[in-house]
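You will see chain A twice below: alongside chain B first, and alongside chain C after that.
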Partner chain A sequence: MAEVRLKDLTKKFKDVAAVDNVSLNVRDGEFLTLVGPSGCGKSTTLRAVAGLENPTSGNIFIDGERVNDLPPQKRHISMVFQSYALFPHMTVESNLAFGLKIKKKGPEEKAKRVKWAVELLGLSGFEKRLPKELSGGQRQRVALGRALVLEPKVLLLDEPLSNLDAKLRLRMRTELKRLHKKIKTTIIYVTHDQAEAMTLSDRMAVMKDGRILQVGTPGQIYEKPADVFCAGFIGSPPMNFLPGEKVPQVKDKNVVVGIRPEDLSISLSRIDAGIWGRSSVTETLGSDSYLHVDTSEGLVSVRLKSDQGILEDKPLWLVSHKEKLHLFDKSTGRRIT
Partner chain B sequence: MRTLKFVLIGVVLFFIVFPLFMMTKYSISDRESIVTGGEYPEPFFPFQPTMEMFGLLWSRGDFLKAGLTSLWVGLLAVAFSLLLGAPTAYALARFRIPGIAILLFFLLSVRLFPDISAVIPVAELLLSRPFSLLPPVILVGLAHTLLALPYTVYIAKGVFESIPRDLEEQAFVLGAPKSSTFLKILTPLALPGLGAAAIYTFFLSWNEFIFAYFLTFQGTETTLPVYLLRILSWSPQKNFISAISVLICVPVIIFTFLVQRHMREGLTAGAVK
Partner chain C sequence: MPGSIRISSLLLRLKSNLFTIGFFIPAFLYLFSFFVIILIFLLKFSFSGNLPLLSLFSSAEFKQALWRSLCFMGVGTPLQLVVGLLLALLIQRSFRGVGAVRSLFMIPIAIPALVTAIIIDLLFSYPFGPVNDLLLGRHGFFPQLVSVPVNWSGSEFLSLGLAILGKTWRDMPISMLILLAGLHSIEREQYEAAKTMGAGAWQEFKYLTLPLLTPAILTILILRSIENWKEFVFPFVLAPSYPLLGVLIERLYHVEQNPALAASVALGLVILIALTTLLFTAITKVVRRYLVRV
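Let's look at the complex of A and B:
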């Protein structure tokens, strides 16, 4: 277990900054997620912590020690690659034992640790198989096990679930969370999937264009997104954005108003504080249904109450409690209080 | 369509099998079956098949010596081309190297004009000091390395490109020094593909004539194809020459048959993960 601190970390490829002046504190035993769209610098940040990329500038501390110049094996980290990177010619057992062998652990210690991982990850009976004889989920667990047997202080996971099918992904999410509860290792987790980040993380850092825009618990970021990007990126279906002057409760053209679909309610009769629109299609996502409403500012999605029937092509008014509105500065995109 | 396919396959087979058949037939022919004096047609199969020519060859030390020379030259060419080619290919597969197109062009250049044109400058170089101090086996091995290198590099580059970089980085993160990564990860994964390159090089060397001829025709140590020419130049008796040819071909055919599946896998290593 350990804390990780990034201080003004910058990594440039040629002249382009993949990671741009990032500072971040990852607490001891925390599950922290770097989340953001593809290409925003998540992997590069993770690889810098692992020691696979040399920072252009800035520092990386693990447990207070500056590790910039240390090779990966001296950083007490383990990393799971998006591709799993299992050694194709080695059995599950040999894959799991690879790092231990390099570290010259005795045969007893090695066997004990491998057995521990096999049991922890439900791989019993598969020890002698080659990676190609395993299912996607099993491969993923072998990759995880290979990282865990080294008892890292920090576990780095780069989109570990992205190669699994949707159902398995959900199951592995739960398993990962359970695993973290059990081993309590500090985990830095990378994903572009905001739902994954929301369900797994203790805290998450939203990244865009190599910068961290906001760090907080999933709840904090959902409730109080720091800017328009975070507001739109976190939550599904995404937050609706309307120009301030079109929202009667605001009436300010220097403001962008964000309203989450669940914070809107529908009225079939005229409301002064409401926004007029015409109902379009209904979309059902699992237990929730969303109505898309055609307004003068484009489609706005609204979560329907469970007893609300489908209203199609009807004029209606959308209204929200004033305190549920998210106000952003139109020119900077930053949140206004 | 079906008929056409069979006809085409038939034609191709004929052109491959017929020379092999003739060669084998002559090699076991008795005198009457090849020296007809125009009095009767040459038989389809020898009147009295005989292994006499093989016995004769076996008893001649110079044939066995040439065979051994060919073997050594082939193995040297394989060793040299892998030692030089595999690391080059690895570098090409993994790093962006400025001016690489020019390097590749030079690598290929020996094969861009006829061997008979390339052989003179190469032989000139290898037959002058300090190279000329080396034994002929090594000189021919070096020449064959030069010929095989472009292919070795090309095949090996594909092999290394098919090995994900992630595997090396993963090994690095797990604490493996470069040497372990090379021995325990890269080598086992590259071996089938490099094996294909090795087999290719060996046969190229085994069959190569022009460079071997220019480098060894003055000495006593020659490879099998050059030896065959020497025999041809003094007593062109069909059965004797055919017996030599059969003995040169047989290892190639048997070996190819045994490893063809393996070789195909190696050559397509880049395509299938």
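Let's look at the complex of A and C:
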């Protein structure tokens, strides 16, 4: 267990800054997620912590020690890769024991720790199999186990769930969270999936174009997104954005108004503070339904209350409480408090 | 009628597999004409007359040639593997001008083996070859290493050694390319994973590169050992006084005008090649199992 501190970290490939002046504190035992669209620099940041990329400038501290010049072997980290990177010629057991062998652990300790990982991750009976004889979920668990048996100070996870099918991904998500509760290792987790970030993280850092836009708990970022990008990236379906002058409660053309689908309500009779539109299609997700409303500013999605019937192709007014509106500066995109 | 049904279903199967059959026929003809027919003639020749096979296999000439061929194969094959591996490891990284370097390493195979062999023969000629000049200290930049010129082709050890080196030099691009392809098929992330688990360069090589290269290594061992068993050009030019099996075949056929004996030696070579292939396959399997065990 350890804390990780990034100070003004920059990584350039040729002239392009993949990571641009990133500073971040990851607390001891924390599950921190770097989330952002592909190409935002989250994986590069993670690889820099692992020692697989040399930062162009800035410092990385693990447990207070500056590790910039340490090779990955000496950083006491473990990493799980998106492709799992299991050794195809080794059995599950050998894959799990590989790091222990490298670290010259005795046969007894090796066997003990491998057994621990096998039991923890439900891999009993698969010890002698080769990676190609395992399912995607099992491979993923071997990759995780291989990292965990080394008892790293920091566990780095690079999109570990994105190669799994949707159902398995949900299950592994829960298992990861339970695992973290149990082992309490500091985890830095990279994903492009905001739902994954929201459900797993203690705190998350939203990244775009190599910069961190906002760091906070999932709740904080959802409730008070720092700018238009964070507001739009976190939450599904995403927040609706309307120009300020079109929202009667705001009437300010220098402002972009963001409204979450669940903060809008529908009225079939005219409301002065409402926005007029015509209902178009309904999406039902089972427990929730979303109605897409055609307004003069494009489609706006609204979460339907359970008692509202089918509302397709009807004129209606959309309204929200004023305190539920998120106001952003139109020129900078930053939140106006 | 069941008979006509059977025939029509057979025709149908023929028709639906026409494409496959079309591809199969040339391959079959090729194999048959170049392999089966040659083997039949070889067997026929070998066992013609009053069984020259037995007398030949007990002759000193044959035993010596067999021993030399064994040495040639036993030294040359691993040497070609090691040299190929070193070069492949050297040029697998991408650096400025890697394309040019790769092309440079391809040159030996573009030169006819006979030309290479003759150039080596000229370089190492006795007593006034450039190499002898060098060793005698006739050039200022090189220290004198011998006091009398070395008779390369007069020594069994030296002449066969030169033949092995010449063969290795010429054929190194083949091993190198096969191994390079093998190296490129290993995912970079596997090395990165090994690094994060604490592995150094040597451990990466031992636990990842080597075992993952075993298919390529086995291919090289088999291909190269076959080539080395059969080798003719280099020993023929560089070590004419010390014939290998390949050279012996030529001598028996051309000089001694005894095709039956030549065919017998060739048959022996085929058997040796088959045995060597089995041996290398077994060895590679054992080595791989040892390397994979963690």
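Please note the rule applied: the second predicted complex is superposed on the first by the 337 of 337 C-alpha atoms of A that agree within 3 Å, B and C clash if a C-alpha of one lies under 4 Å from a C-alpha of the other, contacts with A are read in each partner's own complex, and residues count from 1 in each chain.
The criterion applied here is as follows: a contact is a pair of C-beta atoms (placed from the backbone, for glycine too) under 8 Å apart; a residue touches a chain by one contact, two chains touch by 3 or more.
Model, not experiment: these values are computed from the prediction.
S.K.: Sticking to the clash and touch definitions up top, decide whether chain B and chain C on chain A clash or fit.
M.R.: clash
S.K.: Quick check for you: in the superposed arrangement, does A:Ala50 touch first (chain B), second (chain C), both or neither?
M.R.: Both partners, chain B and chain C.
S.K.: Contacts for A:Gly64 in the overlay, against chain B (first) and chain C (second): which applies, first, second, both or neither?
M.R.: Neither partner.
S.K.: Let me test your reading of the model: by the given contact rule, A:Ala97 touches which partner, first (chain B), second (chain C), both or neither?
M.R.: second
S.K.: Check the contacts made with chain A and report whether chain B or chain C touches more of its residues.
M.R.: After superposing on chain A, more of chain A is contacted by C.
S.K.: Quick one: is A:Ile77 in contact with chain B, with chain C, with both, or with neither? Answer first, second, both or neither.
M.R.: both
S.K.: Shared contact residues on chain A for chain B and chain C?
M.R.: Touching chain B in the first complex and chain C in the second, residues 50-52, 71-73, 77-79, 81, 83, 85, 87-89, 98-99, 102-103, 146, 150 of chain A appear in both lists.
S.K.: In the complex formed with chain C, which residues of chain A make contact?
M.R.: My answer: residues 50-52, 71-73, 77-79, 81, 83, 85-90, 93-95, 97-99, 101-103, 146-147, 150, 156.
S.K.: For a test of understanding, state which residues of chain B touch chain A in their complex under the given definition.
M.R.: These residues of chain B touch chain A: 164, 166-167, 169-177, 180, 185, 188-189.
S.K.: Show which residues of chain C lie in contact with chain A when the two form their complex.
M.R.: 187, 189-190, 192-200, 203, 207-208, 211-212, 288, 292-294
S.K.: State the interface residues of chain A toward chain B in the complex, per the touch definition above.
M.R.: 50-52, 71-73, 77-79, 81, 83, 85, 87-89, 98-99, 102-103, 146, 150
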